[in-house]
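Look at the two complexes coming up: chain A is in both, with chain B in one and chain C in the other.
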Partner chain A sequence: MQSRTGARWEEFLGRLDRRLVSLGLVLFTLPPLVGKWVLPLTASSPSRALQAAVEAIPPEKLVFISSDWDAGTQAESRPQLTAIVRHLLKQKRKFVLFSVNSPTGPQIAQTTVEKAIKEEDLTEEQWKYGRDWANLGYKVANTPWIRTLSRSIQEAMKEDWQNTPISELEILKGVDRWGPDGQVAMLIDVTGSATIEYWYAYLTPTKVKLGLACTGVMAPEQYPYLDSGQLSGMLTGMKGAAEYFELIGAPSPELRVTMAGQSFAHLYIVLLILLGNVPIFLGWWQRRQR
Partner chain B sequence: MAPLNTFEGLIIWVGAFATLALYSVLYRENPVYRFAEHIFLGIATGYGLYVTWKDILYPNWFKEFFPGPLPPGVPADPGQPDFTGGFWLWGLAALAGAMYYTIYSKRFNWMSRLIMTTLMGLGAGLTFREFFGQYVPQIGKSFKPLLVVRANAAGSFDLTESIIASFSNMLFVACMFTVLMYFLFSFEQKNKFIKNSSYVGRWLMMIAFGAMFGSTVMARMSLFLGRLTFLFKDWIHWIQ
Partner chain C sequence: MQFPSLQLAGSEFWIAALLALGVAAGILALVHFANNQVKRAVIVGCAFLAGLFYFLEFFIPPDLKSEEVIVLRWNLTQTGSIIGNAAQVIAGFTFLLGIYNLVHIHGNIIRRLRGGWINSVAFFAAFLAMVVFAFWRDWQNWFDPLYPNYITPGKPEFIDPKGATFASQVADKLWAPLWVNDIVKDHKPRQDVYTLLFEGVYRNMDATMFSILAFYIVSAAYRAFRIRTREAAVLMITAVIVMLGQVPLGQFLTNWIPADGFFHGLRLEEINQFVLGQINSPVQRAIGFGIGLGGLAMALRIWLSLERGSYFEEGS
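So, the complex of A and B:
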């Protein structure tokens, strides 16, 4: 039975304008962003594992990045892709992008990579499109195509995102197979949806290393794959991106500030949950007093 | 504030308008929100169609079908389309695709069932194949030794590492066993051991669901913070 105070409290919460809750969130998260507050950040083991996997790639092998995100998840996915690309640039590892989930993916990935190259102080000639990296555009992820891709990259990928035949891209000459016996050592899926399941299903048998940079929503479901060794490493949401920037020695002050905002947003949600539980607690306390 | 007289500035203003228009639904349903929603859906659909043609149908189907100009030295008839060297079997793909649309005809809708059943069979077979790639490695890795012996860098027995690794494996096996017990629906769970294991399994799953909820909140807050940063940094320059 609920106490009278508890009932009154519940009635008050029920009458509370929900718009105030949204306004509260803005007011709670704004001070860390405006005041540039920074909180401590510790890299998690999945992020460390991804860093180690990238650094273990032989220099002559390629990395494929499946960039499967669009504007909807850019707050999480863009910094992830930037961090991974900057790490590859620091390691001088050549990479190839493609998208299987979002038609707008190649355009967004292109601008993100071009910005990352500038941030690493490399000119277009030093890290040249076609020779050191390429963007193969959007491909529809139907199962027959993915099966073909797992068998032969040349057969599945015909042109880049500007319709240049891949035979004209120096980086892809002779590149056809995945895994230790092939030319592609790793595939990293930067994704806002469940595209990684295609790669588990069809690329696991090739023994190519798989890395994942996913949104926070998806991360808990991916831990069994880390445990089974199907995933070499993982970045979880914006937090994963911030950790990766720290790990590669290129800390992002902007992301650290946003992470402080994120912590304050979480604190606000926790406070709301506690507030919602006050009537139950009051009822329990008054029953105990009696 | 972002300048309105440059292209980049204009893009930021459009982005800010779209963000505020979409968030305005938090206040109440309104025409500005509807307008922004419809504009977004229209642009996304249009762009999606264009990219599907440009990146999928054109290079993989149309270009194979009509391979382009004749080789040098071969006389062409200027008024006629060039069908030389086309991979004509791709026409069957168009035919198969067109069979879907017969669903709208009472007389010919049996044709749509032909293509649907073919693809359902194909899908079922491929799903079976996918299961092996995706889940079988996990089943294999779930066979963990309960007692682990670890060596340190010098090659001698490392007691602390061995205890931690053994405990981790034991915990994994216990969690897997209890959760699997929860899904034994074939008989009534009267046995005390089974009943308690199932109870523990249910609690473990609730903890996992709690972790998923936490991650979902984190993801949503990240998206919100991304927009907030855009508005206050790129648009009105409150955040430097």
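So, the complex of A and C:
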């Protein structure tokens, strides 16, 4: 039976205005963001594994990036894509973007990549569209098409996002196969949904390396694939992006500050869970007293 | 059997497209006017044949030289590519279906002046604005073969933003004014209406919608997560470890434990990795096996049309 204090507490929580709780979240996350607090950050093993996998790609081979996110998950996915692209630029690895999940994804990815090229102090001529990188736009993800893509890139990809035939894109000349025997050594899925499932099912047989940059909530489901080696490495949410920036030697102070804000948001949620359980703790304590 | 590669252009292309549309309309009409038994037979037959094709294509070992699956001189691999491209086209039509659905629902709400009709007006305004400015900006790129030369430096037809005749060239050669299609490469982001709508409005609204989730989570945190049993207590402790271990604050809290010392395993980020890798991973694998078996059973039921759906119940 619940104690009187516990019942009062329950009543108090029930009456608590939800707007106050939301305001609490804002107030809790504001100090680290305004004060630009920076907390310690150690790279996790999945992030290190992704970095190692990218650096092991032979220089003549391409990397495909499936950019399957839109504005909804941009807080996590944009820094992830930026970090990965900057690493590829540092390594002078050519890459090709496409999207199978979000029709607006290619445009957002385009601006993100253009910004990353600028951040690496490269001009448009030094890292030229069509020669060093390309954006093949949005393709509707259905199983027959993905099976075609797994067999032949030329068969499945006809044009880039601005309708330029891929035959006119120098980077894609002769590029048709995935894996060690093909021209594409790795596919990295930067995603806010479960698109990686397609690549597990249809690209794993080609032995192409798979990398993943997913939102925080998606990560726990992917650990079995890291164990099995189907996934070469993984970035988890904003933390994964911040770790990757550190690993590639291009730390992002802005992201570190945002991470401190996220830390305090997590702390606030933990405190709220404890607050909600006060009546139960009180009940236990009173039972033990008796 | 090899399929010839068809590269149609000009009038041949349009005749072929019209012919394809006519045949598709004819088949649709036949199916539409057929009785339910025939419709059922068509659906069951199509589902079975489609399933059989992929079943054979997947399970028959490919030719060692060409790596293609060939059955009785029929190249299943090449046929699969054609089906893949056809599926892309069909999937494109689903966008039209989605637009029709939205227009139908919101049109009805406005016509009957139901509660919240002003939101439906906002939908139409936003939809039209995006469609008009996106098409107006891009249609020259789709239909004018010279357009790429206008925007590519070095080409003789290039319209140089720094040139003295820039304004007159824009007026003569471009199908849209600069405020609709900003071709000046130095402008990043582009200074046209579509970019304003996409980058300035849509993206921020989408991000805002998603971030509202955070407020729902904090609201649910103290209302829903009650430790009434031992199992719930274990779940809460695990959740707290993972929530704090996934952010730098967790590392900050146990940073005093030496990272290379005997007790490094007690650092929060290490415990978090242990929970995710050693406890969560086997559980996820078990769930995955369950889902896989369920999916296989469901696929068989759909392939053999054993699944009961509204249409079949109605038909029988």
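By definition in this document, the second predicted complex is superposed on the first by the 290 of 290 C-alpha atoms of A that agree within 3 Å, B and C clash if a C-alpha of one lies under 4 Å from a C-alpha of the other, contacts with A are read in each partner's own complex, and residues count from 1 in each chain.
Here is the rule we use: contacts are C-beta pairs under 8 Å (C-beta built on N, C-alpha and C of every residue); 3 or more make two chains touch, one makes a residue touch a chain.
This is a predicted model, so every value here is computed, not measured.
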Worksheet item: Does the chain A-based superposition show chain B and chain C clashing or fitting?
Response: clash
Practice prompt. Once the structures are superposed on A, label A:126 by its partner contacts, choosing first (chain B), second (chain C), both or neither.
Written response: neither
Discussion item. Under the stated touch criterion, which partner chain does A:91 make contact with: chain B (first), chain C (second), both, or neither?
Written reply: neither
Item to complete: Using the touch definition from the top, say if A:197 reaches chain B (first), chain C (second), both or neither.
Response: first
Discussion item. With both complexes overlaid on chain A, does A:277 touch chain B (first), chain C (second), both or neither?
Written reply: second
Discussion item. Contact-wise, after the overlay, does A:216 reach chain B, chain C, both or neither (first, second, both, neither)?
Written reply: both
Practice prompt. Answer with first, second, both or neither: which of chain B and chain C does A:269 touch in the superposed model?
Written response: both
Worksheet item: When the two structures are overlaid on chain A, which partner does A:167 contact: first (chain B), second (chain C), both, or neither?
Response: neither
Item to complete: Using the touch definition from the top, say if A:140 reaches chain B (first), chain C (second), both or neither.
Response: both
Discussion item. For A:108, using the defined touch cut-off, is the partner it touches chain B, chain C, both, or neither? Pick first, second, both or neither.
Written reply: second
Worksheet item: Of the residues on chain A, which ones does chain B touch that chain C also touches?
Response: 22, 25, 72-75, 104, 139-140, 143, 147, 163, 216, 219-221, 224, 227, 236-237, 239, 262, 265-266, 269
Worksheet item: So in the complex, which bits of chain B are touching chain A?
Response: 26-27, 44, 47-48, 50-52, 54-56, 58-60, 122-123, 126, 129-131, 133-134, 137-138, 140-142, 172, 208, 211-212, 215-219, 221-229, 232-233, 238-239
Item to complete: Using the touch rule from the top, collect the residues of chain A that touch chain C in their complex.
Response: 13, 18, 21-22, 24-25, 39-42, 44-45, 70-75, 104, 107-108, 111, 114, 124, 139-140, 142-149, 151-152, 155-156, 162-164, 216, 219-221, 223-224, 226-227, 236-237, 239, 256, 259-260, 262-270, 272-273, 275-277, 280
Worksheet item: Inside the complex, what are the residues of chain A that reach chain B?
Response: 19, 22, 25-26, 29-30, 33-34, 36, 72-76, 103-104, 106, 137-140, 143, 147, 158-159, 161, 163, 197, 200-205, 215-221, 224-225, 227-230, 236-239, 254, 257-258, 261-262, 265-266, 269
Discussion item. If we count contacts the way the header does, which residues on chain C are in touch with chain A in the complex?
Written reply: 54, 77, 80-81, 83-88, 91-92, 94, 141-142, 148, 185, 188-189, 198-199, 202-207, 209-211, 214-215, 217-219, 221-228, 236, 239-240, 242-244, 246-252, 255, 259, 269, 273, 276-277, 280-282, 284-285, 288
